[in-house]
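In what follows, chain A forms one complex with chain B and a second complex with chain C.
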Partner chain A sequence: MKATDKSCCTEAYEAFGLKLSQNQLVVALAGNPNTGKSTVFNALTGLKQHTGNWPGKTVLRAEGTFVHRNKKILLVDLPGTYSLLATSADEQVARDFLVLGRPHAVIVVADATCLERNLNLVLQVMEITAKVVVCVNLMDEAARRSIKVDIEVLSRELGVPCIPTVARDGKGLTELKDAVLDVATGVTATSPRQVSYEPHVEQAAARIESRIRPYLPGWVNHRWLALRLLEGDMSIIKAIIDHLGNGSEQLLLQEGSAVWAR
Partner chain B sequence: MGTLNSTLSSLLSSINQEISAKEQQKIRDSIVSSIYSCAEEIARKAAHHQTDRKFELDQKIDNIVTSRVFGIPIMLALLGVILWLTITGANYPSQLLANSLFWLEGQFTNFFMMVGAPDWLHGVLVLGMYRGLAWVVSVMLPPMAIFFPLFTLLEDLGYLPRVAFNLDRYFKKACAHGKQALTMCMGFGCNAAGVISCRIIESPRERLIAVLTNVFVPCNGRFPILISLSMIFIGGLGATASSTAAAAVVVLLVLLGVVVTLLMSWLLSKTVLKGEPSFFTLELPPYRKPQVGRILIRSLLDRTIFVLMRAIVVAAPAGAITWILANTYIGDLSIIAHLAGWLDPFAVLLGLDGIILMAFILGLPANEIVLPIMIMSYLSAGAMLELDSLTALRTLLVDNGWTWLTALSTMLFSLLHFPCGTTLLTIYKETKSLKWTAFAALMPLGTAILVTFAIAQFAVLLGLV
Partner chain C sequence: MTDTIVPLSQLPNGASGTVKYLTAQGQVRRHLLDLGLVAGSKIESIRRSPAGNPTAFNIRGAIIALRNEDADQVFVTLDKTMEEKNESHR
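Let's look at the complex of A and B:
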């Protein structure tokens, strides 16, 4: 699916208990625990924060707003997770919001001192949405441990903008905001690196993808969903069906019929 | 609209059924490993380690201390070394403290006689209160002053997360959460703190299992009982070989505590708390150079003095009350003798005696005072022999019918019995359920009774005692 199909609408956010004002862009903040994600969140939103729970979950949610280049942005802090395999409530919340909340952009905060582990999450997020900006945080800590992160190589390899930051000292945040806005508004086109799976997995996924395509709205990444079906993860399937069933039916009608019409 | 949704959901569930659960698991593993190798490849291109020696050293150490082969033996060996140092090192200062404190008792007695104070006043203050305090200090202080700093040293080095890492797979086999290894380690400090730390486990089922089984690892309040009894009884005081035996016994007891934790977690998850284990990523923090000065102060103030003060605060009045109880007669028996006599028939079945069981019951507010109450009861109930050393304490216990089995049963009972009042209160606060709190008290009590009963009967049957 093309990124343009992923445009969002107010109803999608209401299911997550989010109220959106006009022309506001929604940006999700994901990342492993202990990467300074909260520091990034605080540095971006300052005092304009609001905390609560995710609907029906005991998982804490923080959201905040900031204005950059005259654009209002709602930043939603997702729970810190190592993956999106949805084995815990935290992972489920993060994954559901990325899939069903359809944010205009996603910032994935990565720890520069242990990039490899953090990239697992980046790759998984990029399977769901192309509109990703990687915030490579704790650059000072990495330098202290004599780890050199080549941001240019990283951006090229991942196919999305990567911004080096030291959130604690406020370094790199303006660049981060620029990149996020450009990705969210479509100024920057991304081409996220896709993980290539073993041939038998790829083939099976392609077969399932073609079977489910006619019945799904365009904004769900079909390849990603096919992979989840292959590994028998019914929790996301259930979440999507629930989501389609409550309040967003109209959405499905429009987009679903649009797909059928092809 | 509804039809489209139901078409979709039936299509999806039929696709789901086409693939077997085993196949799904294999695909999932393959997907995860593809993601990991992709991440590894990108990280290798984009991040360069400029020979971080410290990091490499950490990894080399971790490869050994968390290896499948050496991980657990190293863990047990470390615990053994700490306990050996404690037991060997505590002997001499214990003797010294006992000698000087009981010399002081003699001076007090002389003073009371000189001013012609009544016998009962001398009894309550000197034989009751002071003697109780003197025993608590001389038996418990030296082992604690050595054990706690050494244990804190390991904590400060960053070793405990490695312990959790080593134990993780056993907890998973017990259908419990891997993080329970961490909450269990916390319990070694204090079970109440261990129970609170269970909040890190997200799944309610696994959290409850961790809360209920936390009591099976000995806390700060119970380590002194285990160490002192092992030192007095199994160590036989002095010789190096016997210190090793005493340390080995305590290591075995701790190991037993961990085994019981796993066994009970497994039993709970197979019966009242059924479910699948969830998994998590454990971060191993870098090793840190321990700050020796801070460790000494922190472990002395936070642990040694804290535990000792708790013991003293309760032991002083308990000493006085025990003396009064032991010297107030109903009929021709003292109140203590009545109480102990009433508990005795049951206690004997467990390899204990009435006084030991009474001490455990009276010790509900704090485990630290179990041993003092026991000593006080023996002292005041029996002949007033001159107690001026640890050897004399052993003699006192032996004179009151203690054998190695009594010592072992007491240690086992201490390890496995109900949690202290503070911990129970914490469990209530965490679970908000009287039912689970009662269960948290009765389940360990049942375990303690079962284990001590089995061992005592077995020993009697084989004629070992």
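Let's look at the complex of A and C:
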């Protein structure tokens, strides 16, 4: 399954109020609350930051730029969330940007001291896009609590690069930037572990997937969308319709509702 | 002896338990699961707000406050305290 390997276009970002200069790569920064996500953001961008709101939402957004190996990168800080299933405005903003903003790469900041609870979000992000780098932060805090994180095994199990960092002390940031750039430019090919659900869920999702495919552009992750429809989440359909506005909305809405009509 | 199962909202202050099942449905269920309240999760009641609602819990390494309405829909077994463990050894 190919998620978002299509080239990203500038219009996608304008809808989110972002101005992109030429040859700039867009990288989203996601993570649970209190994982040091803002510290990572500040450490990467320094003083080159802009703050504002997400269009039409009272959710704070920070964006900043940095240059690495002669590539300009725009880093977009997403709200800290435990999930992307859009029960709050924060989650909706994060989800919409990952699905519709089509960033070239996504950094998910995870707390090394309680890694397992952070992996929920990691898996959810990997369901949307393959271009993920996991930043395992607070490694010093974990060491202090005698927690050892086997980064190599974690990377292998997840199928995406995992980079240990202590963002507060600037440790591991060069490696993080290297990994992000390699994933964003396609130098590193990732193979994110996909969650497989029970057979009846998979079958239902596959059926929905084949029905919604004709109405959607190729870069939308059809499987992910089918799973959301199966959950009865119509908010993502509405977000996609607002974003695309290409006349196929009515049909898409019908298909979405049809799932639940039976 | 079978462990008694109580709603999370009735977990005494400072006590810990293990999540058995959730009765919540739909979005609330999804949200509780995302917070780490899955079967088998250890959970500890940290402190109660003055009015008794919400209550702060340690869920898999993060302190999260839950309203009683939501905590009512999570069922846990009470973990034995040290004294109780010693008691059962005798």
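Assume the second predicted complex is superposed on the first by the 241 of 262 C-alpha atoms of A that agree within 3 Å, B and C clash if a C-alpha of one lies under 4 Å from a C-alpha of the other, contacts with A are read in each partner's own complex, and residues count from 1 in each chain.
As a convention for this text, a residue touches a chain if its C-beta (ideal position, glycine included) is under 8 Å from a C-beta of that chain, and two chains touch if they have at least 3 such contacts.
Small disclaimer: the values here were computed from a predicted structure and weren't measured.
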Room on chain A for both chain B and chain C (clash or fit): clash
If touched residues of chain A are counted for chain B and for chain C, the larger one: B
Chain B versus chain C as contact partner of A:174, first or second or both or neither: neither
Touched partner set for A:120, first chain B, second chain C, both or neither: both
Contacts of A:203 with chain B and chain C, given as first, second, both or neither: neither
Partner chain in contact with A:216 - chain B first, chain C second, else both or neither: first
Contacts of A:191 with chain B and chain C, given as first, second, both or neither: neither
Which of chain B and chain C A:53 touches, first, second, both or neither: neither
Contacts of A:87 with chain B and chain C, given as first, second, both or neither: both
Among 98-106, 206-214 or 278-286 on chain B, the segment whose C-alpha atoms clash with chain C after superposition: 278-286
Residues of chain A at both interfaces, chain B in one complex, chain C in the other: 34, 82, 85, 87, 116-117, 120, 231-232
Residues of chain C defined as touching chain A within the complex: 26-27, 30-31, 34-36, 59-62
Chain C partner contacts - residues on chain A that touch it in the complex: 32-34, 82-83, 85, 87, 111, 113-114, 116-117, 120, 231-232
Touching residues (chain side chain A, partner chain B) in the complex: 34, 82, 85, 87-90, 112, 115-117, 119-120, 122-124, 145-151, 153-154, 157-158, 193, 195-198, 201, 204, 208, 211-212, 215-216, 227, 229-234, 237, 241, 244-245, 249, 252-253, 256
Residue ranges of chain B in contact with chain A within the complex: 1, 4-5, 7-9, 11-13, 15-16, 19, 21, 24-25, 27-28, 30-32, 34-36, 38-40, 42-52, 54-55, 202-203, 278-281, 283
